[in-house]
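A short write-up of the structure that comes next.
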Amino acid sequence: MQLKKILPLAALAVALPALGMAQEAEAVADAAPDVLEAVAALNTEMVFIMNSLLFLIGGFLVFFMAAGFCMLETGLVRSKNATMQATKNVALFSLAGIAYFIVGFNLMYPGDWVIEGWLGGISPTVLEPVGVELADVDDVEYASVGSDFIFQLMFCAAVASIVSGAVAERIKLWPFLAFVIILTGIIYPIQASWSWGEGFLDEMGFSDFAGSSIVHAAGGWAALAGVLVLGARYGKYGKDGKINVMPGSNLPLATLGMFILWLGWFGFNGGSQLAMGTISDVADVSRIFANTNTAASGGAVAALILSTILYKKPDLTMVLNGALAGLVSITAEPLTPSLGAATLIGAVGGVIVVFTVPLLDKFKIDDVVGAIPVHLFAGLWGTMAVPLTNSDASFGTQFVGMAIIGAFMFVASLVVWLILKAVMGIRISDEDQVTGLDKTEMGMEAYPEFGNS
Amino acid sequence: MQLKKILPLAALAVALPALGMAQEAEAVADAAPDVLEAVAALNTEMVFIMNSLLFLIGGFLVFFMAAGFCMLETGLVRSKNATMQATKNVALFSLAGIAYFIVGFNLMYPGDWVIEGWLGGISPTVLEPVGVELADVDDVEYASVGSDFIFQLMFCAAVASIVSGAVAERIKLWPFLAFVIILTGIIYPIQASWSWGEGFLDEMGFSDFAGSSIVHAAGGWAALAGVLVLGARYGKYGKDGKINVMPGSNLPLATLGMFILWLGWFGFNGGSQLAMGTISDVADVSRIFANTNTAASGGAVAALILSTILYKKPDLTMVLNGALAGLVSITAEPLTPSLGAATLIGAVGGVIVVFTVPLLDKFKIDDVVGAIPVHLFAGLWGTMAVPLTNSDASFGTQFVGMAIIGAFMFVASLVVWLILKAVMGIRISDEDQVTGLDKTEMGMEAYPEFGNS
Amino acid sequence: MQLKKILPLAALAVALPALGMAQEAEAVADAAPDVLEAVAALNTEMVFIMNSLLFLIGGFLVFFMAAGFCMLETGLVRSKNATMQATKNVALFSLAGIAYFIVGFNLMYPGDWVIEGWLGGISPTVLEPVGVELADVDDVEYASVGSDFIFQLMFCAAVASIVSGAVAERIKLWPFLAFVIILTGIIYPIQASWSWGEGFLDEMGFSDFAGSSIVHAAGGWAALAGVLVLGARYGKYGKDGKINVMPGSNLPLATLGMFILWLGWFGFNGGSQLAMGTISDVADVSRIFANTNTAASGGAVAALILSTILYKKPDLTMVLNGALAGLVSITAEPLTPSLGAATLIGAVGGVIVVFTVPLLDKFKIDDVVGAIPVHLFAGLWGTMAVPLTNSDASFGTQFVGMAIIGAFMFVASLVVWLILKAVMGIRISDEDQVTGLDKTEMGMEAYPEFGNS
Amino acid sequence: MKYIIAAIKPFKLEEVREALTAIGVRGMMVTEIKGFGAQSGHTEIYRGAEYAVNFVPKLRLEIGVSDAMVDQVVETLQKTARTDKIGDGKIFVLDLEAATRVRTGETGDDAL
Amino acid sequence: MKYIIAAIKPFKLEEVREALTAIGVRGMMVTEIKGFGAQSGHTEIYRGAEYAVNFVPKLRLEIGVSDAMVDQVVETLQKTARTDKIGDGKIFVLDLEAATRVRTGETGDDAL
Amino acid sequence: MKYIIAAIKPFKLEEVREALTAIGVRGMMVTEIKGFGAQSGHTEIYRGAEYAVNFVPKLRLEIGVSDAMVDQVVETLQKTARTDKIGDGKIFVLDLEAATRVRTGETGDDAL
């Protein structure tokens, strides 16, 4: 589009040298306003394209996290529940995608608030028209609506993915999916609008760059509420405080899941810069990539060392969780830390995981994949760590924001879980848990030919 | 390159303020033609770079679909044939890559047609020279030849991947690979040239944005021909219409494959915009991303609900196929639909899959992974759905295009399959099928330590 | 940032037409220096952004190769060692990330050399400050430090990944990780600085575009040293020259690993163009994509055909190694070859693998995944193949560079391995090897429910 | 009572089970085993090295039967499992002293 | 000596093992098997086609015991493996002529 | 005829098979089992919780032999399977009343 506007100028430019000095000056004078406009437009265009591209790249990277969650969770459940876990992950992502465009997106980024700063607008997402021109673009200094939508949708779906791991192996499919629809269509978007939709938390100065609290702890709170309402898996906790270990069936798959999540996190944090069209923005995105990576390293290494010290032998599942906790920890502020600080912030996340995974078991809170330690506990830590490297944030505000988000996410989720429990029942019977959900609920085995316990 | 041209101007600009008004005007007059030219060139350059980048990103995303097909198919065959299925997938992609550069690409995008609009040129692909400059670029308003080639190659390989799933578990390796070479080197490129190479179908107004017919139904037709010539797997259909179920051996792997395909589809459809260097193009790519995603969601959700209604229990393999069918359905027109329309178009794809998978079994057409329902049937639906949201397309033309493509792909494939059958034999003996192709053909087991049936 | 500078001009431009000719000329003259500066700055900015973006995209693609190596290796070890192999891969990547920023990066790209051309600087990596502006950027004609760092880090980690596959199934975890720290923090960066940090090999004219020698053969030499010090797996070589085959436990996973590596290689080679901000650079990146892909195809097809000819049946693991060898072979020069030449260069890599895998067994060099054939032997071939298509390179210089790199990597690695052997012991006892490392070292099984040998 | 142990080819399971059910067998145990015998295994190739897989996958059936049924069960097994190709399997008959049904505590023929 | 073969429900294994250990059983073999019996399997659906899985996963225990212990072992097995639901399993007792401990060559009751 | 059931350490399989073949054994069945005995299992740690794996992987061999060969087979088994470390396994001998070759219907020693 822009090209057509400028090409005549180029033609003119080529023609000019043939003319004398005077005419030339005149021609230039004629052309000048157009040149000025063209340069400005070209710059605007470049920024818009690069920002949109950042969202598109970030979007597909964060999309792939859905596969990462799915593989991590499917690898960490017992094989008799693996088909169910895969089914839940595909279904939750699909439903999130629909719920978010029907209500979520405009609830989260309201043009007009229903209650200013607290409750956004209710209307389905409308993309910019086909072949939109500069003049008709929604926000020419930002990015295309479609790119923004696709990026934000992936965050919303991630919240639901966090929940599915914690409640695995004993929740019924349909109530779970009902929860997902409400979570991704309503609960999360409302909460997220407070910070990212320029609502009251944003006003207050709460700082959560890519969502340690807004996405990860939020998902963790929803998961915690679910786990409490649902109860532990049948047989998980013995009478005299005995913990019956239920090892994950496919650790290589879980490891793949972790790597995919790590990959996706470059989009998750990098894309949250929301801009890539200037030198400072692209340099910031680069900083974020580097800090994100090193925080994951810190988390993994801390979990590796600590699990070896505590249990004599290294624990792969802790290392996987540790890397993820490192990523969650840096998510609230992946930009301002130095590489060293980012590594330490991530390492603390890894430490948190190693200590809190067994702690949850002490309280008989049965979180199959470690979603609560990784996303909730490390998410809270990440949120509180922001002021350590970002002088614009304060511990007080961070704490208040974190608490408000937590209270809302936990209570809202709890209410929904309790209603679902009352209305449909959410728990698979003990006997069916023993047989395995794949046989009783799905009639389809994940690995029909291997083993048969 | 461009930088060097402009830098002296910048130096001049810095020097100018020191000069008086008159000289300044003069200097500007001197510089002006260069400025104009520079702006135009910069814009041209930006567009070219962004377009090429779109192809490169699209290229690696669609490349990864080869892994997606491989995992989907390897997970859906029985473990005794899994090594063979993986081998076929790696080999077919590799051979497609070679066949496409030796003849395919220039057949598909002919500079000079052998038969105008019907049969392209026959010559190997030649990339632009190393360090090519603006003036020497093939098409400066488009993108680099290499980026275009890599993007298009991946589509060609996808056609062959579609076939490999349908004919799995009983086709001989070498005849299959011979078919792949002919399919990717000749049959597909000729057919695709009719629409995308500006051949007679394009002329006619046939509209298939990213290939519901040109790629997916095309692959489906080739697969159908293969399945008919080859016959069902030994033991699949019992005497009295009984269907012997042969469950896939590794559903988590199949689920991963589906997710990878979904990821790749952002490149498949998004890249098919063929341009990202202007605001309207990047906004269109964004629309396409959003519509592609929601169509997959629609397909998955429809298949989930419908399979539960029909069979009492949800069927993961149907959900996987449903998501893919949603993607195939939107591929013919991912740009013009609204999010709601795209969801519905995808959902119809999911419905088609759930109804046609058992239907094929009724006709004893043994399609191991559901390639025909997903790629052929949903592809036809997608093609016919274009006029619903795109007023430039007509049902009549769509139907004619779809029929011509189908007839050609089916007949050409049939002939090749029949020749291969006559010349080399294409079917593994019943006994070897019972033992499993991995033992008899490969002497290498996929999971040598697990199970032993 | 740039936008703000230009917008007033645009406003002016819009205002201008209203004024008379004379004033217009004057206004233009006033504005002109700014315009010139703006165009130059815009161009600089675009180049900087695109170069950084290339590194970011390349960075996440090459990052994903860590997952590829992990899946390939985990699939090719026996299931009793799979948890350990996954643990090693996650840990090595994490430690490489930390070691490289603490010392590696500045050793490799020294501002000030400690010994000119031979030994770089010792200081941790410092990224550009948050929100850096054009004027303060480290190298405005290149890319952001963070993007460069993240890209280079991934290469460094790949070197360690190569080693882990070769020494699998019998090396102790902690000594292995100690080696990784020294390799990625010190040995590799020093060696790489000689060529890519503008050290003496670069001076000499040694040409290794993306690291056939600098990365792949380097990793291969380190692996070879390790394998020699460590010895073969218990029971691998029988008394009378008998080779006891120890088949990989999960070939579909290994196949996935290969596909992920192939995907990552687009970033590996494409990103090594180091620039994407001009037409020639993006066209070159495109050439590289195309050549990289076709070389992998060549390697896979050659290995498929040759393994079938030699052993009567095709060997999937050889095909996987063949594709990777094709990729390694083209890595030293992915730009200058034509598609045909690239295919052949890759095919030779595939041939090398098929011949050298059994050869190593003859010498009782036990390389579990084929890392030495793929990365070392094909890497040497790739290095020597550069002058075939790149007239700037000479066989003599290539040979000398290759030899110096090899000698240094092998000797330095050997010394470290020997010290580790003396100090900590590096080999798992035969009995524990029989039981499997997952049980004895980790207390955690990869597939606890399947099989039980 | 007798305890019958038989090795059969895996793909014969369904046919055998149906035939046995038809003559009144109401229970059995099936185990995946590796059989070694006259039927040779196959050769596998792994990274250039050939090796013999000496064992062939088989299924092992165990059936506790009353004395009255032994002959019929053995005959039925032999007939339905037979393919006339080497490796069809073996049928072994052992003496069974006692049988108990866990659920009810019933013993003897009632337990079968 | 006697040779006891029992089929039990998989999730009962730990309980049974502990009970047997408590009465002095010092060794056993456990095999994953597919059981066929009165307890019906379940129906699976795959891509629109339903099919019956007739076999139920069970564990098979084998224990060589001295004559003195047989009754106690059978009783313990029956009591602990019992859930009163169909499919609890069977206990078979065969005569055991000889037993040898590989490590020491001990035979008879000493080998158990 | 006798029916020999033996538990051995998995890595001994090839050696045992060769030794038995050498003395004329022409067939056997091999099953992967979990053994419980004096040899303790190992401790696994999963996410901070330690637990004992009480079972050790073993292979179970079953061989139908003629009376003439019993002693030799038991002896060979014991010698080749022996490593002198705890957990080497057990050999049980049961009486075998009848044997049938499915393929041919041969019975008795001819069936083995």
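To keep things simple, chains are lettered A, B, C, D, E and F as they appear, and every chain counts its residues starting from 1.
In this section, a contact is a pair of C-beta atoms (placed from the backbone, for glycine too) under 8 Å apart; a residue touches a chain by one contact, two chains touch by 3 or more.
Remember, predicted model here, so these are calculated numbers, not experimental data.
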Between A-E and A-F, the pair joined by more C-beta contacts: A-F
Matching chain pair for A-F (criterion: over half of the contact pairs shared, by residue number), options B-E, A-E or B-D: B-E
CA centroid of chain A to CA centroid of chain D, Å: 54
Length of the line joining the C-alpha centres of chain D and chain E, rounded to whole Å: 17
Whole-Å gap separating chain C and chain D, where each centre is the average of the chain's CA atoms: 54
For chain D, residues that touch 2 or more chains besides their own: 31-32, 34, 44-46, 50, 94-95
Multi-partner residues of chain B (each touching 2 or more other chains): 25, 28, 32, 35, 39, 42, 46, 53, 57, 247-248, 250, 256, 311, 313, 315, 317, 443-445, 447, 450-451, 453
Full enumeration of touching chain pairs: A-B, A-C, A-E, A-F, B-C, B-D, B-E, C-D, C-F, D-E, D-F, E-F
Of chain F, residues touching chain D in the complex: 3, 17, 26-31, 62, 64, 94-103, 105, 111-112
Touching residues on chain E, where the partner in the complex is chain A: 10-11, 32, 34, 42-46, 50, 57
Interfacial residue positions of chain C with respect to chain A in the complex: 1-3, 6-7, 9-10, 12-14, 16-17, 21, 24-25, 27-28, 31-32, 35, 38-39, 42, 45-46, 48-49, 52-53, 55-57, 59-60, 63-64, 66-67, 70-71, 74-75, 82-83, 86-87, 89-91, 93-95, 97-98, 101, 124-128, 130-134, 137, 140, 143-147, 149-150, 153, 173, 250, 253, 256, 441-451
Touching residues (chain side chain C, partner chain F) in the complex: 235, 434-435, 439-440, 443-445, 451-453
Residue ranges of chain B touching chain A (in the complex, touch as defined): 25-26, 28-29, 32-37, 39-44, 46-47, 50, 53, 57, 61, 78-79, 141, 247-252, 255-256, 258-260, 262-263, 266-267, 270, 276-280, 282-290, 293-294, 296-298, 300-301, 304, 311, 313-317, 319-320, 323, 335-336, 338-340, 343, 447, 450-451, 453
